[in-house]
Amino acid sequence: MTEVKSAEAPAPPAAVPDELTPGRARWHGLRPYLPLVALVVAAILPYSTLHLPGIFEGPLNSPGTLQLLAICLVFGGLAAGYDLLFGRTGMLSFGHALYFAAGVYGTDILVTKAGLPLWQAGVLTVIGGTTLAALLGAVALRTVGIAFAMVTLAFAQVGAILVARDFGGLTGGEEGLPLDVSGLPSALVGVTNTVNLYWLALAYLAIVVLVVHRVSGSPTGRVLAGLRDDERRIGVLGLDPYRFKLVAFTLAGGLASAGGVVYVLIVGGASPHITSSELTLSLLVMVVLGGPGTRWGPVLGGVLYMYLDHRLTAFGSSEAVNSLPAFLSHPLSQPLFVLGTVFILAVYFFPGGLASLRSRLAPLLTAIRRSR
Amino acid sequence: MNTVVLLTLTGLGLAALYFLVASGLSLVFGLADVLNFAHGLFLGVGAYATWWASGNLPGAGPDGFGFVLAVVFGVLAGSLVAVLVELVLIRPLYSRTIEQVLVTVGLSLAGVALLQATWGADPRPFPRPDWSRGVTSVLGAQVPNAGLLLIVAAAVVLGALLAFLRWTRYGLIIRAGVENREMVTALGIDVRKAFTLVFAIGGAAAALAGALGGVYFGTVSPGQGGSLLIFAFIVVVIGGMGSVVGSAYAAVAVGLLQQFVNYYGTSGLGDLCVVGLLAVVLLLRPQGLAGKVAHA
Amino acid sequence: MVEPVLSVADLSVRIAGLHILQGVSFEVAPTGVTVLLGRNGVGKTTTLRAIVGLTPRGGEVRGSVRMGARSLLARPTHRLVRDGLGYVPEDRCVFAALTVAENLRLAERRGVTPAYDKVFALFPELERRGRQRAGSLSGGQQQMLAIGRVLLNDNRLLLVDEPTKGLAPKVVTEVAEVLERVAESVPVLLVEQNLAVVRRLATDAVVLSAGKVAWTGDAQELLLETALTKSLLGVGSAEVHS
């Protein structure tokens, strides 16, 4: 095998033959504005006091719900950034957690230990994370395929070790490092201001989606897609695959570290588990569940994964599950068990992820409509 | 001098653990092109099955022959799980490499969670024979017996694997398959049977690592396999994918480097040096030490 | 008309979006050597690999390939080979890390006595070099090994892909001699670029051009028609008659 191929990835959702079904023309005209509508709806969501029992613990505008939603949005953005590597360029990196962790710990250390103002810490961290991705990518991209996966995994492991061993007392080791909020802008501090963090997360997600969309629509993006489908063909065209892959790797790394800056504000600190390879594996799961190489699939996958990861814990300790026999209730109370199993099933039965559901269901719906 | 001997032997103990995990990984990758993230699960199954057997299996126990029986049970369990994974999950995706990696990723997440659901997240004390808690004096150094046990076990496994590869029909098929799988089928051999076999062998070796690692660390926890797995991956890449002997050399190099640098430098520095070694190897030989990486 | 040992009908192969074979049909006679000719990249190797079931993943194969009454497509390679389809691949593909004896041992089958006497009679060198690593053999010796291991078992048809590629002229002659003797007992479908070898061995010829069959018929007749060979194979008359 030469390179990761997401041969099963379906065409982007835009290719769903809407025009084939009559009476949808108006809908079709609205489609380009749909992302904007979604963004507006998401932006005014915190003004809603809607209570959705079972789905969220408190009303939509309660700090707990908003924090959960903000985390989901950040991971939607992270997954979309990771998809730039996996779904759009065909690179299987197992070390993406490193750049996210660089964003989280970088901001935290610069604010808490060095006492820098947030904006300086944030800018420095994103620059640092991007540089780190460029440097390590330059080394790792000398290998391809599985060897590349291994090298990125190993580099990320260095990050995990550095954080866990707490060199120079910077990271707080296993305990993590709570963010010192005294120097932060007051609008971002305190339970009552969770809504601002939510908007920050939403802005981050919007920017990532925009960047990924612009890049994949550009000539560079077409080269990246070419690399995914057949690297040799790009080489034949006289283009250097290495440089294009490095661009994608650096960009994805920079986006991930920016996500780290937002995340550390939302959760108010850094903890070592975000450096683990498990986080990268989760990103992979999000992308595959959502639909690699599609615009909304990874976002959807990321949001849904984080939501389930948080809510399944509550679901697992709920009455319904507890009343089941032990051999069922115990595994079901483990979010990762449920998600891992769903993921395996998705690989077998939904190779295109959530984004392909609609095109897969389309023939079924048409058949139903016809039979009436 | 004492320190050097002690560090060498504990380093070799660590190397033994890495080798037991890496040899199976390497064979599975070399033959079937499957990068098996679920390999750590086999280790966990081996450890927990041994732990369970020593408390519940008639005749098994924490000491003497009972302990041997418990370990045998653990190894068989690990091997069985590995075979099931190959038959049920890997085989239907034959030669679809990325999907196979994805499935093993899902399995590693779900499997560890299942262990956690069944036996809890906290480490459990591992049953171990009394003699394994003691130390033996080697050239003046007081070496833990559990470490020596690991070294002996790994040496035996290495010898057995090499003999199997060298002198049996299936060993021949595996060696040929690592080189060119397609040509093996073109000689009229069903190479997929060999896949199942390498999973069984790899699962057994990893389960043994789980059982003996339990003795060495004194506890067993669901995540134990995961942290070992990353270093085992590094060992596999340095040693050359598909090469058992390469895994052995690389395991020794990684184990000793880690132990010595962690002792003489700062704790944790050894782990970093190991990754540095990997980077150097890959940069000097981008194709990897063995040919397999070249067409990977 | 005698029953052909192999009939290929309307065989199409698509790999990574490229339509390499576009409806190829031909038959292989039950005796002698049928040679598959054509310019480089025309799909000769693809044809052999499709017959033996080794089209790479993602490739799409259509049409029919029959050996006697049996359809070959959709059956796994190892079964086809066990049923008597011997395959000597391009570039020989011997197992470099294995010894010569091990390479041969690998081809043995349960319940079948391997014909070592026959193989060693054809290739005495293989017996002498049993303990040598196949990777250290010369190109010609590797080719002998690649043919020899297939001959350990009985075959109903041999597929041989460019056996003389990259070999010294003297060795080419040796390989041709061996194939001549092999073809006395088993039919061969041969891909070969060296027209001197074709002249010596081939009874029938199939010429591929642009993914289709451009010419079939008597091989010696084809070689006599200089203009035809030139247009089909892109070689000059000097090469044909050398």
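In order of appearance the chains are A, B and C, and numbering begins at 1 in each one.
The criterion applied here is as follows: a contact is a pair of C-beta atoms (placed from the backbone, for glycine too) under 8 Å apart; a residue touches a chain by one contact, two chains touch by 3 or more.
A quick note: this is a predicted structure, and the numbers were derived from the prediction, not measured.
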{"item": "Chain closest to the assembly centre - both centres taken as Cα means", "value": "B"}
{"item": "Chain whose Cα centroid lies at the greatest distance from that of chain B", "value": "C"}
{"item": "CA centroid of chain B to CA centroid of chain C, Å", "value": "43"}
{"item": "Separation of mean Cα positions, chain C and chain A [Å, integer]", "value": "51"}
{"item": "Inter-centroid spacing, chain B versus chain A (mean Cα positions, whole Å)", "value": "32"}
{"item": "Residues of chain B engaged with two or more neighbouring chains", "value": "none"}
{"item": "List of chain A residues in touch with chain B within their complex", "value": "1-2, 4-6, 8, 92, 139, 142-147, 149-151, 153-155, 157-158, 161-162, 164-165, 167, 277-278, 281-282, 284-285, 288, 330-331, 333-337, 339-341, 343-344, 347-348, 351"}
{"item": "Partner chain A, residues of chain B touching it in the complex", "value": "29, 33, 35, 37, 89, 92-93, 97-99, 101-103, 105-114, 116-118, 226, 230, 233-234, 236-237, 241, 266-268, 271-272, 275, 278-279, 282-283, 286, 288, 293, 295-296"}
{"item": "Touching residues on chain C, where the partner in the complex is chain B", "value": "52, 54, 57, 76-78, 81-82, 87, 89, 93, 95-98, 102-103, 105-107, 109, 149-150, 153"}
{"item": "Touch list for chain B against partner chain C, complex", "value": "95-96, 172-173, 175-176, 179-180, 182-191"}
